[in-house]
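In order of appearance the chains are A, B, C, D, E and F, and numbering begins at 1 in each one.
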Amino acid sequence: MKKLEIIIESVERRRVCRILDEVGVKGYTIIDDIQGRGKTGPKSAQDLSNILKSSLIIVVDEESTIIKAIEQLKEVFKYYSGKMFLSDITVIE
Amino acid sequence: MEFLSDAISNFSSPMILFFVLGFIATVLKSDIEIPEVITKTLAIYFMIAIGLKGGFEISKSGIDSNLYSSIINSLLIGIIVPVIAFLILKYIGKFDSTNSGAIAAHYGSVSVVTFVTAISFLNSKTESYSGYMVGMMALMESPAIFVSLFLVRIFNSEKIASLKSNTVDLLKESLFNASVVLLFGSLLIGFAVGEKGMSTVKPFFIDPFNGVLTLFLLDMGMIAGKRIAEFKAVGIFLFFFAIVMPVISALITIFLTELFGFTVGDSLLFTVLAASSSYIAAPAAVRIALPQANPAYYITMSLAITFPFNIIVGIPFYYFLINLFR
Amino acid sequence: MEFLSDAISNFSSPMILFFVLGFIATVLKSDIEIPEVITKTLAIYFMIAIGLKGGFEISKSGIDSNLYSSIINSLLIGIIVPVIAFLILKYIGKFDSTNSGAIAAHYGSVSVVTFVTAISFLNSKTESYSGYMVGMMALMESPAIFVSLFLVRIFNSEKIASLKSNTVDLLKESLFNASVVLLFGSLLIGFAVGEKGMSTVKPFFIDPFNGVLTLFLLDMGMIAGKRIAEFKAVGIFLFFFAIVMPVISALITIFLTELFGFTVGDSLLFTVLAASSSYIAAPAAVRIALPQANPAYYITMSLAITFPFNIIVGIPFYYFLINLFR
Amino acid sequence: MKKLEIIIESVERRRVCRILDEVGVKGYTIIDDIQGRGKTGPKSAQDLSNILKSSLIIVVDEESTIIKAIEQLKEVFKYYSGKMFLSDITVIE
Amino acid sequence: MEFLSDAISNFSSPMILFFVLGFIATVLKSDIEIPEVITKTLAIYFMIAIGLKGGFEISKSGIDSNLYSSIINSLLIGIIVPVIAFLILKYIGKFDSTNSGAIAAHYGSVSVVTFVTAISFLNSKTESYSGYMVGMMALMESPAIFVSLFLVRIFNSEKIASLKSNTVDLLKESLFNASVVLLFGSLLIGFAVGEKGMSTVKPFFIDPFNGVLTLFLLDMGMIAGKRIAEFKAVGIFLFFFAIVMPVISALITIFLTELFGFTVGDSLLFTVLAASSSYIAAPAAVRIALPQANPAYYITMSLAITFPFNIIVGIPFYYFLINLFR
Amino acid sequence: MKKLEIIIESVERRRVCRILDEVGVKGYTIIDDIQGRGKTGPKSAQDLSNILKSSLIIVVDEESTIIKAIEQLKEVFKYYSGKMFLSDITVIE
């Protein structure tokens, strides 16, 4: 099984989840209000709108489903700031 | 000079002083931490409080004939200000259409806390204003954002690269935007509950209002102080724009309100709304709709330059100008 | 008709109107966000405030002879209501014992905010009530949960599959449950501190009470609005149960309080407690003790159907019924 | 070394930690108040009780200890909603 | 005996009773949860409120000749207390220099909430105090931390193993420490805004003050209750130290304030500041500067032993002692 | 690519980020206010200072950069409580 970790700016979190739902992943876990730094500079929650924060979304699923999800998500990453990391994992339960 | 004495007395109000304290504290790297959840809750508190108060005032005074001209005025400002901002940015500042539109959306939309500070200023002058002005603020939040997006689309059709689903998301978010709903809702409730209803909520929503504003402005000072570090990213042109644009919007609005014949209180509130720049609703909408625009520009300008300028210098200055013309 | 005018005047209180606003805002997908930490803190605020006030009232009026019959009444309701709920769900609704017991636990237990809203209603009617009623609420939180678990165990011994350690956890959690300790503690403190002590905390715990409740009910409206999406999962039988069961509990309690001869104020509070359904203590306990029960049922019914029904229609209706019998 | 990631509904978080303590793992890290979606539907913090939230617990230890922990934890997962994921990891410090 | 009656009346104030309730609730494992963000916001609220009030008092009364001796007294205590604490811990307690210095830093620095509770005590006695005492508290926060670090460096030069950059970080953090900046800032603002400015913030920062303190002390009781579990880690010597050291600091300070001829109110505040032990600023600074020291020691002693001792027994006891010498 | 997960007590979070910046990692993601248990006992947010909390910092970068970062970070871990875990990962975006 594969684990996909998605870091995406908060304003686009809802769209990412919608895409995951549409692709039909078995589930995902969301950690909101995270900070970070990347090539677009620091992202830390210092304004009143939510645009300077990110969410971390973890999806564990079959490789084929994950690949489908990645295809769809690439569209989002064209315009919005974030990262996608892929690794191997074993599902116990 | 009356303006100077007004400016100084404004400057010695606890609200402004705490804003300055927050700003200085952050620059000195003191980590006073007002948690974000508190900031967000206080923003909701203010919207309810001014909505209730405005609605209650309307229920007492009735709706006067100025309501219709006020609505027209609101919409006019919501169109004129972003168009002017866009043209200045694009043709004088030489910015691309996307960034010009992104910034124009912020200056066309409004800042609730600037409005609230202006109300507090009017109260200290015992200058009255119409209850429905809160409604005007709610009315002015979204149109300028749409006008700006429309301008970007016209000037830059092929480069608009946001996703399809965005437009739908955006429309929904702007129409039933949290603050629009809260402001109109509270206004209606304030109108409906009458004297007795108001008296039950007064000790929470009316009496501590200025004190809560003080705490909030301390926080705003810290947020502005943190943003000012991005100053370099903004550059000299945008820095001046962030100060000159409010004055331009103010002059236009003073002229319009003079034309319509609004009271001094209402004129000041209209002027402050026009001059203020959004930092809650607009950034979220613009980030979704115009992802290629640089957020460092609009967030820094709104929060760290225009907001402080308006609450410290702008409000007494616009008040002075309005009185000058009468 | 007096009930109608009561219902309408209840409906035009700022608290109820903000509940409705929150509900509508959520249905319109406006993201007004009251952070969860605020909601939790306000819930604590209410328990302290009503505890203090109740304790102080007792210290002034003394404990009257009704205290003992009130305790008996509380315990009676805590047994009768969950038993009836369980039987209806199991034999009319054809639900399995686990889900029947899970839901019965919620309807047997109580809702602090419904109680608080009833107090606010009584205040607006200048109808008095006994200080120790807060203690009755604290007394009624846990017994129904145990009664329900006991019923599940009897009717369904082999299928009860929760872990061993759970029962111990649960007992501890219910006996020294946060709200039970806070309510009794504040009651005792309110009793102990006297006039002088109360006057020092009055500007925080008494004066802004209704205003804070307004903010809280806006939040509750939004929570209910979000839950209503689960409506389909609940089904038509449970939907009606969530409205009819409170009325059944109310009728039983009105009969009992009539028997015991309590005042109108105390009777209403007892009735509201019986009719209300828990959404803080019971869900947590039931989720631990009866993991096979479906949380979508009990959470949705408590928050999105019974709570709104009680605060909007129930309270004035029960008040009308109580006065009808006198 | 192995890394076990446990996603468990909040009401059972304390029990999971107790089991980890009893099994004798070297340590663990907890991230509370997370949201997600799985086969039992969405879990997001929208009620006043804590039953619609999850916690993420990360345990890094020898394979043998992790296997012991998994044995014990399976009991919890029989009744409560959540996931366990296993992967390889190197401990630096 | 007056002390006893004072102690008892102190003990029956809502603030102290809620502290005890929080403590008991936690020991009974009731999960009353006041979110951390609320605790932090209330701490900021208190600093602003006492700063404003202090500054306003100064603006009314003017700065009297005692200001200079007060500053000297503050600095004296800031040096004497940590030195004595360090020597007792090192030579009687046989602790290593690092742990001795770490603990000494806490007892030399001050606790804002203990100070606030003392002010509330003085108000209930209608005993006056100088507005600038808030400034004295701000003045006493950092010096003792530096004195303690200096002692560790002298006694233990090679084992001081913190990173280079730490000293710079630490200096910056202590000088422009959040609470120092907030306290001095609010003091200045309170001084500047005058009667009119104060009246606008009074309903938020002054009137509900005691009620807010009640809520905060409930929280402090729970924090102390949780910490008490670490009691064993602390050991019998440190347990007694955490009670005896405040009394030693108090006696020294009572002697000094007698010498300087301060009023009863000011003397009590100085004494309470000396006797109190920091649990916000000092732990953070010490954890960074002396990472080898055991945090279980200083956090537990400050929060779970010295703080409760001071607010329950200490304040009335010091007050009794001060009056005894007059 | 390598993924380095750093668990560090909150008071030292800023220093860790500074070191990462200096070493020149491409980016990192921070989750604040986490709890846990390790050899120095439980770390859970129960005091008013921030000393009993940790942060989780995730860095994904080339092996060589990560190794440089680890070298520098070891200095911090000499005195402060925390953990560093290393694993393999693929960067998609």
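Just so it is clear, a contact is a pair of C-beta atoms (placed from the backbone, for glycine too) under 8 Å apart; a residue touches a chain by one contact, two chains touch by 3 or more.
What you see is a predicted model; the values in this text were computed from it and never measured.
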Set of chains whose contacts include both subunit C and subunit B: E
Far-end chain from subunit D, centres as C-alpha averages: B
Equivalent interface positions on subunit A and subunit D, same or different at half: different
Chain of greatest Cα-centre distance to subunit C: F
Averaged-CA centre spacing for the pair subunit C and subunit A, given as whole angstrom: 40
Centroid spacing, where centroids are CA-atom means, of subunit D and subunit F in whole angstrom: 21
Contacts with 2+ other chains: residues of subunit F: 31, 87-88
Per-residue multi-chain contacts in subunit E, two or more chains: 37, 40, 203, 208
All pairs of touching chains, each written as two labels joined by a dash: A-B, A-D, A-F, B-C, B-E, C-D, C-E, D-F, E-F
Residues of subunit F that touch subunit A when the two form their complex: 3, 17, 21, 26-32, 60, 87-93
Residues on subunit B engaged by subunit E in the complex (per definition of touch): 12-14, 17-18, 21, 24-25, 28-35, 37-38, 120, 124, 203, 207-212, 214-215, 218
Residues of subunit C touching subunit D in the complex: 36, 39-40, 43, 161-163, 165, 169, 223, 226-227, 279-284, 287-288, 291-292, 295-296, 299, 303
Residues on subunit C engaged by subunit E in the complex (per definition of touch): 37, 40-41, 44-45, 48, 52, 172-173, 176-178, 180-182, 185-186, 189, 192-194, 196-198, 200-205, 208
Touching residues on subunit D, where the partner in the complex is subunit C: 9, 11-12, 15, 41, 45-52, 75-76, 78-80
